Amino acid sequence: MFPPSKQNSIDVDDYDHFHDECGVFGVFDHPEAANLTYLGLYAQQHRGQESAGIVSTDGHSFYTHRGMGLVADIFQKSDIKTLRGHHSIGHVRYSTSGESGLRNCQPFSYEYAHGGIAMCHNGNIVNAPELRKQLEKMGSIFQSTSDTEVLIHLVARSRASSMKERLAGAVSKLTGGFSLLVLAEKRLVGLRDRHGIRPLVLGKLDGSWVLASETCAFDLVGAAYVRDVEPGEMVVIDENGLESLHPFASVKPKFCVFEYVYFARPDSTLEGVNVYEARYQIGVELARESAVDADLVIPVPDSGVPPAMGFAEEAGIPFQMGLIRNHYVGRTFIEPKQSIRNFGVKLKLNPNRGLIAGKRVILVDDSIVRGTTSRKIVEMVRAAGASEIHMRISSPPTRHSCFYGVDTPDAAELMANKMDLESMRKAIGADSLAFVSFEGMYRAVGKPRGLHCDACFSGDYPVPVEKQRSPQLSLLHIHSRK
Amino acid sequence: MFPPSKQNSIDVDDYDHFHDECGVFGVFDHPEAANLTYLGLYAQQHRGQESAGIVSTDGHSFYTHRGMGLVADIFQKSDIKTLRGHHSIGHVRYSTSGESGLRNCQPFSYEYAHGGIAMCHNGNIVNAPELRKQLEKMGSIFQSTSDTEVLIHLVARSRASSMKERLAGAVSKLTGGFSLLVLAEKRLVGLRDRHGIRPLVLGKLDGSWVLASETCAFDLVGAAYVRDVEPGEMVVIDENGLESLHPFASVKPKFCVFEYVYFARPDSTLEGVNVYEARYQIGVELARESAVDADLVIPVPDSGVPPAMGFAEEAGIPFQMGLIRNHYVGRTFIEPKQSIRNFGVKLKLNPNRGLIAGKRVILVDDSIVRGTTSRKIVEMVRAAGASEIHMRISSPPTRHSCFYGVDTPDAAELMANKMDLESMRKAIGADSLAFVSFEGMYRAVGKPRGLHCDACFSGDYPVPVEKQRSPQLSLLHIHSRK
Amino acid sequence: MFPPSKQNSIDVDDYDHFHDECGVFGVFDHPEAANLTYLGLYAQQHRGQESAGIVSTDGHSFYTHRGMGLVADIFQKSDIKTLRGHHSIGHVRYSTSGESGLRNCQPFSYEYAHGGIAMCHNGNIVNAPELRKQLEKMGSIFQSTSDTEVLIHLVARSRASSMKERLAGAVSKLTGGFSLLVLAEKRLVGLRDRHGIRPLVLGKLDGSWVLASETCAFDLVGAAYVRDVEPGEMVVIDENGLESLHPFASVKPKFCVFEYVYFARPDSTLEGVNVYEARYQIGVELARESAVDADLVIPVPDSGVPPAMGFAEEAGIPFQMGLIRNHYVGRTFIEPKQSIRNFGVKLKLNPNRGLIAGKRVILVDDSIVRGTTSRKIVEMVRAAGASEIHMRISSPPTRHSCFYGVDTPDAAELMANKMDLESMRKAIGADSLAFVSFEGMYRAVGKPRGLHCDACFSGDYPVPVEKQRSPQLSLLHIHSRK
Amino acid sequence: MFPPSKQNSIDVDDYDHFHDECGVFGVFDHPEAANLTYLGLYAQQHRGQESAGIVSTDGHSFYTHRGMGLVADIFQKSDIKTLRGHHSIGHVRYSTSGESGLRNCQPFSYEYAHGGIAMCHNGNIVNAPELRKQLEKMGSIFQSTSDTEVLIHLVARSRASSMKERLAGAVSKLTGGFSLLVLAEKRLVGLRDRHGIRPLVLGKLDGSWVLASETCAFDLVGAAYVRDVEPGEMVVIDENGLESLHPFASVKPKFCVFEYVYFARPDSTLEGVNVYEARYQIGVELARESAVDADLVIPVPDSGVPPAMGFAEEAGIPFQMGLIRNHYVGRTFIEPKQSIRNFGVKLKLNPNRGLIAGKRVILVDDSIVRGTTSRKIVEMVRAAGASEIHMRISSPPTRHSCFYGVDTPDAAELMANKMDLESMRKAIGADSLAFVSFEGMYRAVGKPRGLHCDACFSGDYPVPVEKQRSPQLSLLHIHSRK
């Protein structure tokens, strides 16, 4: 029903997909600040499964608890109790393991000349390496590889007299796609980059302001959705209420369209659009664009389910759950020495032979990345007896890497970057293959083309990336045991 | 798509459901015996999530590895390596925690006069307490509360000269519903109780025999399904091949019908019937029996999905995923002090408001146990804006406890045991409520009534249970730290 | 000051020594029964460092907590709370790792026809393998390799009507050296084998009876020492007080003399003799028997300290701590690839060069087992500049294995079994070597020869051991993960 | 024989003593750099038991492994393997728990404009808080509360062109007592503060230079002691060999005299003096200064042992181990509800009644801090039957706090700060009490008074401390779970 979990794909190298990005949650002036943040992260677990953290403040001290793993494992009741105070921010993240991972685990908290401060963000600061080099020249030292550490150095070196100015000044030097939460002793700030590439929503709970990446976090804690934070907007929440600032030069909004296709939970609402409905409508568009005669429409669970339903409805072909997902896919498993065909995919998905045998099947998936998984699924479904397999994809071909917070492979590894449609079809072994068109996708979402970032499909990057930024290598390799 | 995991429901007291039962897997004469058993358990994880174990033998010594938790967490590569030999059996189980749990964790291995022996079973030996009392009078001592320990004492005290006779003699004293795997130095035995209440299937892999509770285990390891082990059959596998014995008096078969409704994975085949199709057809029957005018059919995921699809198809009403399941539901979570309505259910399911608001909704679930969860789901869906809610259940009312391996509450706690249909409807707050009829259920499964155990619905117990067997209390309370 | 800990020697294969044996503690009718037992085990930690356990009873149920490791790590406050009731027994033990170890970890608790029962013992039942074979023929099954499991089977099969008779009857079939604690619902029994090979002392605390292996346990909990339990005595403690029974045929007492030399804590009192003083006096006797001109007397810590002091005093030679012990020797350490001379010994002991250089040194140690450690110590002390090294041992040569609870190597591995004195001296590289005589040892202890077991030195086994009992191998290899 | 371990005293609030300080080890250009560092830390475990870390470099990248706990627990073989390269530094430390502790756990590694750098130190930078405030004003941000972070900021902001100059310039701004190891890609630096308050020794192993806090580390790895690093000296080791620099203004040396009394291992050599002998001689001096008629001299183990031996020898009174130490004192223990007299001390020490009863006893201990432990020991020894108790202390009265790396209580809590000798005697309940004189102590050490820091006894602080520096409070409270 929603994204195949990162947890599932990490150790299954057969199963390539996008890595999820991050999720944030913040609350100001609520007696259960940390507990609500915990639940807000819990509801956004699909946005990052490898580390999580919460920082709270009682208006004087800052309390941090962070760890590697899932939210429910990292935080025990006793941990929540140590997170004192009425203001809190939290973060879930895709990350690496070890202390090195823990070091990069957000939110970060620091002391500087004006007191304590904590930060976390979802997305990517494109010019962080250049800024870091400049800062090091000025005598700054770095302990993590996180972009956030660059930002906090900029804030700490600012001569401006108010925190708002220091923060706005520092952020104005950044380029990229990011949504940011900043917690000071008596202030919570939420901020989206000028293009609004990553999401950030504002809500209200018992009279207190809350911020989250997705509205599904509001649903769990019982908060009411108020509005999206606007691209380039900085909302400053303190005891006097909420102040909305637009300190940056205005540019065209470029919200990430892939949030509709894959990232967001289907029960979330983005820019006023229900994600489930958008996905369902993409399936409808796909059926209109690339109909084919068949006996069954079968989704690749979970994000393929709504478009497959829309496709089936529009095409008048029965929809069936022909691929059963194993919910217990763990981090590690042991591969037998003897080869089991399509083993990596089989651990997660099992075709329901009874349904499939002898049938002409339309498979609906959300995207094709390297193509290896698609090939294995097609092979597995054919081995289950399908007489024809027609692959339909609920996004345009993924031809380019993302530099704004989504962990995609190098463009050179993307199947659609290297092959034309017919070659792709042959490579994955399907009888036919079709992707939804840009037009179909935007029609389904109900938004005109041009107001979203679709660089991974189109190559139109809203923020220039001078050269392909390689993964930032640190000289420091750090592990710990406790 | 298949049963809400035990893992999910254990700490969520709001969310009442049946506890899953057990699963077994065995392989004889394969160089990767332990590894295949590991995968066979992995594929059957839905049948028991709290402990697992494997015993292997190299024809002389027995190697055991067991633990509390999920299969993927209990077994590391190094553990599998310690499980030497070409013969192996394994078990997944619903169990309690601590050493007490570990003690009861199967398979058990023992030494007795004829060497080593290991056993595991799925199900329940109804007369175990009486047999235990008799054995204690004869000087037997007990270290666990497992039924298996009773059986092994019977085997050890047998004067018969062959293992087959010792085992058949011991089993003939047992009543209940159980499928059993026994591993001796050079022999693997699979056995179903005379009524065949619990499943056991036979397959072949690379020329070696394999046994499992469900065919989905065969799919993962690439084994071919051969046939179901018959009720009362004992298959003895050794270097001479497979021998089929029927050492017990013949009785009417009584396979558990609830495996179709809830337990088995939808991609498994039971008695030649595909589980997914059976569930889908139950939905069709349900629509015929209790049609109602509505805008949407919405399943309670996951086991409500196939019947909801069948219902929607038959009724000509759109099917939509209106309840989104959080896949990251962990063992523990922290409840906020401030009340969040329907919090326990909300952690797992979130209604998709965009779809539901203003709609007349048919909710399809697999069963109603205590009724508390159903009430909360109805309340939550109504709060999401549904104008009418019609609850449809893909099994007859659950009025009786199971004594053959399914952990149901006392009959007195079952909502259908205490209330008539209209009272139930009111209690859960639905606008209408209907259960599938016995006739509809059996028609959907494609089997005549009378050949299955449906005691939980009908009270017709195939094996007499003199009085309600209470949970067997041990005098011994054991914990450990390692 | 007391025995080099097992913890230290286990992973240091360079450092050969006796493995410690076990310790027990029991208390009847005290509101803090489990807590006192915990402390009693804590004070006897030197008798066994690899597993520990406590069983308590409230007169109805039995509560067990056991684990691998040190007492302070195994028991947390919350664990002690679960050990309900006013009666309790506990055990520390040398044992193997894994669940296999946990299985053999005492006390054991069982249910049998007469209710619950728990047992633990210090020592060895010599005829356990034969009894086990007989029991298996009669249909008994075994899950551990512990001698205690044999005893409990004998008790369970007894037809006698009282627990006292059942226990006495079962014990009368056993041969060996063992002190036993048995806990029933309303009764605590302490029992020593007929020869009284292993120690067991009786004390009183706040009006409640307590039992322990050594008096140092009484010191910590503040109990008063009353007397030693006599060889062959069975003390039965219940609500009517203490009853002393002598159900077994009387034989000559044979208390283990090695408890004086090495095992017991120096602050304990055995048979009315202070252990520290006995050791000191052995040093005095040794000086009289084998004086040598030298500059310094240096102990091999810790059990060499009192005899070295006695030797120095008698010989009029200065006593100095010339070998410094590292208190932090852990379970594991990492050996460098490049060879460091005498590395294994060096991790534990470092010679104090400043003291030793150019000096004629008398080294006093408690025993020589395989001789490898002695050789390394001599080499290390010589490398530190000693001009002469005279080795003096505070026990006679160890020529035979122990079959009554002390884990000694096979006789064939004992240096004194294979070599004469001069060969030993050469092998360890000392300038002279002498052991205390039997006469000197018994004079120091203040007891006539003939009333103690000194089989490890003399080969006079009080209980016949038909053939060297090899370590009992089980067919079952069991591990677990929790 | 050497300091009562920190491990022992931490959870035993009854047992007050100084907290140990830190230890360092470094090696340059050795193929087993990390392994040797591990062993060097292992041998110096007595200097810090709560965290440890190693940083190595291969001339390009830096590899760090750190953790809370004992060296042998923190580093596994696989961890050592990850610490690549031929240069390495390591650190053991007294520290707090949690990630907060881990954050402060040394060595620290950073990236700055000139590459990577790692540092660790033993001691305290007195003006760190002022420097930190200045740095924050200039835009520095802080993540730990460690003094080292101040130093690295100073280094990073230096405009000097060579690392030697940057480091010397930065250190010249520091006041306090500290020995420092700095590791750059191709260089190892060892440095002592101008007064040489904390120790640092230089050795050679297989042609490679090694640095350590104490010579006992050299003994274990087989390195030869070369010389002490001089006060104010900076030794720079690179591929060209060792360069000795004296970049700071020369002042009077002030090595910590308490290293002789308590901190250092007795088998170490400081300033050419064997620690064991110094302690023994202090006992001799003490006997001359404050002789008393008695039957026995008994040490409070372990650091009381050598002075007690010296006292006994000089006074001609028998020396006996009248207090037996429990080697298994763990981190936690459970106190019984019923009061056991002197429980906290009893867990560690048990008087040997047989020796003590009816005797006039001289107890020798190393120091009196708050006085609570001394009072309990006296009480316990008296309860064991001593007829007179004369307490002799092998250091002058401790009247002042240390600000150079030893964690002492506030002066106000020190017994000798509040009371005169007679009041102290009464308070601890001894029949007489005497401390060694300054003259006696220095005579024993063999050094003239005036060249050591004895501020804890005399109040003469070599480095001015403007006001009592309170424990540095951070706004940040950080925990983590992995």
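By letter and in written order, the chains are A, B, C and D; residue numbering begins at 1 in each of them.
Just so we're on the same page, contacts are C-beta pairs under 8 Å (C-beta built on N, C-alpha and C of every residue); 3 or more make two chains touch, one makes a residue touch a chain.
Fair warning: this is a prediction, and the values are worked out from it, not measured in the lab.
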| Required steps from chain A to chain C (each step between touching chains, minimum) | 2
| task | Could you work out which chain's C-alpha centre is the most distant one from the centre of chain B? | result | D
| request: Averaging only over C-alpha atoms, locate the centres of chain B and chain C and give their separation in whole Å. | output: 49
| task | Please report how many Å separate the Cα centroid of chain C from that of chain D, as a whole number. | result | 36
| Centroid spacing, where centroids are CA-atom means, of chain B and chain D in whole angstrom | 61
| said: Two-or-more-chain contact residues of chain D, please, as numbers and ranges. | reply: 73, 75-76
| message | Please classify the inter-chain touch graph. Allowed labels: line, ring, star, complete, other. | response | ring
| message | Applying the document's contact rule, which stretches of chain B touch chain A when the two form their complex? | response | 1-2, 5, 32, 35-36, 38-39, 42-43, 45-46, 49, 70-73, 75-77, 80, 206, 216, 219-222, 265-267, 269, 274, 276-277, 280, 301-302, 305-306, 309, 313, 318-321, 324-334, 336-338, 340-341, 346-347, 350-355
| query | For chain D, which residues are in contact with chain A within the complex? | reply | 60-69, 73-76, 79, 82, 99, 102, 105, 109-113, 115-116, 136-137, 139-143, 152-153, 156-158, 474-482
